[in-house]
Amino acid sequence: MGVTVLQIFPDSSRSGCLETEKLHKRIMHLDAVQCGMFTVDCDTCYTVTQTGNNRKLHIVHNSETPTTTYAILDTGTKQITLSADYLFDLLLPRLDFMYQSKKNLKIESKGAKYEIGDFVVKIGTVTMSGHYKAILVEVEYLPCHTPALCWSLMREFMQSFMGSCVKPTLPSYLQNRLHDIHTPQDTVQQYVEKFNEIREGTTFAGTQTTGSGS
Amino acid sequence: MAMPVNVPHVGENLEAAMKSQIVPDQEFLLQGSVLDTSLGVVIDRLRGLCDNADILPETFHDHEVVFVLKDFSAMSTPGPASQGVMLRVRRAMDYPDLPYQLRYVGYPELGNYPALLRNCLDIPVSNNVCEFLTELGAKLDHEFIAKGFIMKKGRIKVTVFKMYKMGIGMAKDNLEQMTMSHMVELSVLTTKTDMSVAEDLRALADQLKPLVQLERIDYRRLGP
Amino acid sequence: MQREERVMDATLDAVLQRVVDIKGSLQELLVKIEREGEQGDWPSYLNSFSVISAQIYTLMKLLKNEKTPILRNYLTLPLQLNAESDEKLLVATEGRVPSFSHDFVPNMLRTKPEPDMEQKHQALEAKMAQVNSDTAQKQINIHNRVVKHVMDLVNTAREEWETETAARTSQPQTCSLNETQILVAALGTGKGFKIRAQPPGPSPTIQQPPPQISTASKAVSAVKTNIKAATSIHPYSR
Amino acid sequence: MCEEKGKPSIQYTRCRYEERRAKAAFKCVPVLVFTVARNVLKFSRAPSRMAAPEGSSVEVLTVSLNTLRSLRSTVTQFLKTLAEGPKYENNQDGEGDLLEVTTKAMGEIRNKLRELETQMAGLTPSSVPVNLGNTGLLSLDPSPDKLPQYYQLLDCYTYMEKVHSYSTTLHSVLSANNLKRSALSAKRRRPIQLNHNVPQQQVDMLIQGINQMFQDMNLTLSRPFGNNAVVQVALGRVLKAVVTFKGILIEWVVVRAHNESLLDEDGKVDLYTPSQYKVFQKVTDNANAAMLNFCSPGFSDLSVRSFFTWLHSFVSLFTDVCKKCNYHLHNHMPPTWREFRTLDPFHEECKP
């Protein structure tokens, strides 16, 4: 598991497929090899009690780690990520007196996966309960495991096919974990962060040319 | 359109499995105990009955922490919300590298089954599970240490173990034993559709008979 | 007379039945060994053995029964001796004994002791005739005394042995229902674990925030009462 | 009377005493024979190990070999006498004669042995004996006729050693400036050091020294195959490497990613499996090239040290930009090449 950076690709046309097509073409020019598909989906459960502290429980699956369920608990002050076997999903109905999911908030990113040298690029279209929302690009550099070491290298790579939407500064999530070993949990947490941004943004994330990476 | 997107994601697979009832979430269980003095006899008998009779039975040394998840602020209302759910976290003390196990155990089902039947989920989790559960709203209920042997015969899991209370400071040598007996459990995980294995469980229990009385015991019906 | 004969017949029938049973089980075991050999299931072998031993036990019990006439007091008289093969006999013995002849039951058909045995017997008779009756009497007395002594020894040894085996056969207690219940309750509800000395801090091996511990005892009572209530409400039973 | 009686008795006791002494002597004969035989064996094996004798000592060697031969024949003679009894040439009293003959023979053996020992002291051992590790135990095989593996092994090692020593000599000759006489003679005076066969301590010291040179590079030395060292390198959070040594020469280098294990499933050091990442496959190739480049038989310590210095420069593998094109990536690879002298990073394609 190398270092992963997640980036919202601005989609001014709001059509989705046009922009992904463009990215596909660009990346194929870089001698990329398409190697299958990927999905990352996220369900969010909310506390049902009337008591003050509202906690959110994000249940995330990543097709890269097909037998793992990530449960990310957001208490407002801190986040705790639990990696569990996918049987954890069966436990959730037993907790429904405390946590209930809202089906219409189910959000997922689906798309194609490419390999370029030691890089893995995943171009995903984000849909929330069936409606197209944004384009998310995940870039992973496999041989390196510390964001601090390879950020500028990855930035160079990302700029080579995404252009100016890649900001020179690190995403804030990675900023705090600059010298830690990157884990699959970090990837999933970045997804949750982006998904939250997309959910909360009333307009298309793509229309804001700045994206929301920094 | 760039490419057809048809990756079945994890949740869908699981739902399909649930529908066809092939998820091994049912557990048959028979419980009994044996006095410490007769432990050797029982172990010898079990070694003869179980697989791999030629090697010594595997030992385990687990620490179990039980959490109760419920709405602690609304105590009076009846129903599952006030009753809560017990979540058990198990950790192998002798193999610190193994993942923690989060275990949900349902109440025994009513009905005339050869062994105690209950819903059971064993979920391997990362080691921050205790912190996670606490933040989720669960509270520590109790904890104990279980030390003993594990064997298997086909699909049946046989555990013989002793339970210890956690002593002050929880030093390794400062363990207070629960009783003068070892617990003996025969269990097998199965699916809703496959109940045949319960008979095997019963047969194995009968082989142990005069030494250990293995029965389906519902802990809720025991004395106060 | 009639009655005695009837009893005899009944006894013989019963014995025969038992023996046939034993024979059947033995055949079964042999077939099993033949067919499964070392791959055989250990418990099923054990089962066969225990069946056979139980059958032998019932047979012995039958023979020792008070109503059973002491069979050794009866003489067996061969009524018919035939070297020719006998069809009926062959059928009765399942093809094992073709004819009732000396080859199969040499001892039962004997009319005279063996020659060397006879010689010895005669020699002893002669010796007895020579010995003075007084000395003979004395020797007999000494012999009796010695035998009695040996008998005593054997009897005491037997008594000791029997008490020992009796002590062993009366199964020592290997499990206790009470303890089982305590253990099951502890495992199920944590009963017995919760009432514990307040630990000075969080357990060093599993990280819990310290405030958790103080509330733990409060949770106890709530859970207990709920468990009792749970017998009537099964949220997850289907 | 008294005297007359006493005299024979004294004589008698003396006789008994002699007899007893002789018997005692015979008792220790097997032990002695064994010791002698062992020593002879040892000496006879020793010269064969001297693969590269100094020119001056050849004569001494010939002489000592001759002495050895005569020692052997004396021992054989002695054993023969013991086995067959003394030859009855002037046979009057049998036992006394045997005693006499054997003591004489043993004295001769002792003399020969002493002679050989002094000659042996004059010989200088050519080099450190080959450390065979566990294979040395093959010499204990009681029946070498059936499977002469040990001797073949010795031959093989001797051959290898010769190859190495010749090549070393050749290297020094070729690298010297032939036009200068002084260079040639200076080289000749240096004792030839055999790089592949050095005591373990020397390698240990060297690796320890290198380990202390770099803070962020951690070297762990192990010897899974007996004599030859395997060094596991962990360079920061960038890479890991396995460096296999033969004596003090580097034989093989494998570079892997930081999260890839240096051990195989059995917990042994994995010497061969390449990294699954293209970057580190490239770095492995380059490291082997560098290893060959730095190798110089005369200065093996230095070559190992400079190799590790070079390897250490990869600590900035992901952060450095190429010296020539000023980019991180070329063909999706970071600069995987380091210049040997300046340690400047270059892409494979930008190499000067």
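To keep things simple, chains are lettered A, B, C and D as they appear, and every chain counts its residues starting from 1.
In the analysis below, a residue touches a chain if its C-beta (ideal position, glycine included) is under 8 Å from a C-beta of that chain, and two chains touch if they have at least 3 such contacts.
Each chain and its UniProt protein: A = Mediator of RNA polymerase II transcription subunit 20; B = Mediator of RNA polymerase II transcription subunit 18; C = Mediator of RNA polymerase II transcription subunit 8; D = Mediator of RNA polymerase II transcription subunit 27.
This one's a predicted model, so the numbers in the text were calculated from it and none came from an experiment.
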Hopping only between chains that touch, the fewest steps from subunit C to subunit D number 3
Shared touching partners of subunit A and subunit D are none
Decide which interface, A-B or B-C, involves more C-beta pairs in contact, and give its chain pair. B-C
Chain with the smallest distance from its CA centroid to the overall CA centroid? B
As a quick test, compute the distance in whole Å between the mean CA positions of subunit B and subunit C. 39
Whole-Å separation of chain centres (CA-atom averages), subunit A against subunit B: 36
Taking each chain's centre as the mean of its CA atoms, subunit A sits from subunit C at a distance in Å of 73
If you average the CA atoms of subunit B and of subunit D, how far apart do the two points sit, in angstrom? 59
Which positions in subunit C are in touch with at least two other chains? 236
If I count partner chains per residue in subunit D, which residues reach a count of at least 2? none
For subunit B, what residues touch not just one other chain but two or more? 79-80, 106, 131
What kind of graph do the touching chains make: line, ring, star, complete, other? line
Touching pairs among all chains present in the structure: A-B, A-D, B-C
For subunit B, which residues count as touching subunit A in their complex? 1-3, 5-7, 9-11, 14, 18, 23, 25, 69-71, 73-74, 79-81, 85, 102, 104, 106, 121-126, 128-129, 131-132, 135-137
Looking at the complex, which residues from subunit D come into contact with subunit A? 237-238, 257-259, 275, 277-280, 318-319, 327-329, 331-334
What part of subunit A is in contact with subunit D in the complex they form? 1, 30-31, 116-119, 142-146, 149-150, 152-153, 156-157, 160, 181
Subunit B partner, complex, touching residues on subunit C are 42-43, 171-177, 179-190, 192-194, 196-197, 199-200, 203-209, 212-213, 215-216, 219-220, 222-223, 226-231, 233-238
Quick check: in the complex, which residue numbers of subunit B touch subunit C? 31-35, 37-38, 41-42, 48-49, 63, 65-66, 68, 72, 75, 78-80, 82-84, 89, 91, 93, 106-107, 109-110, 119, 130-131, 134, 139-144, 163, 165-170, 178-181, 183, 203, 207, 210-213, 217, 219-224
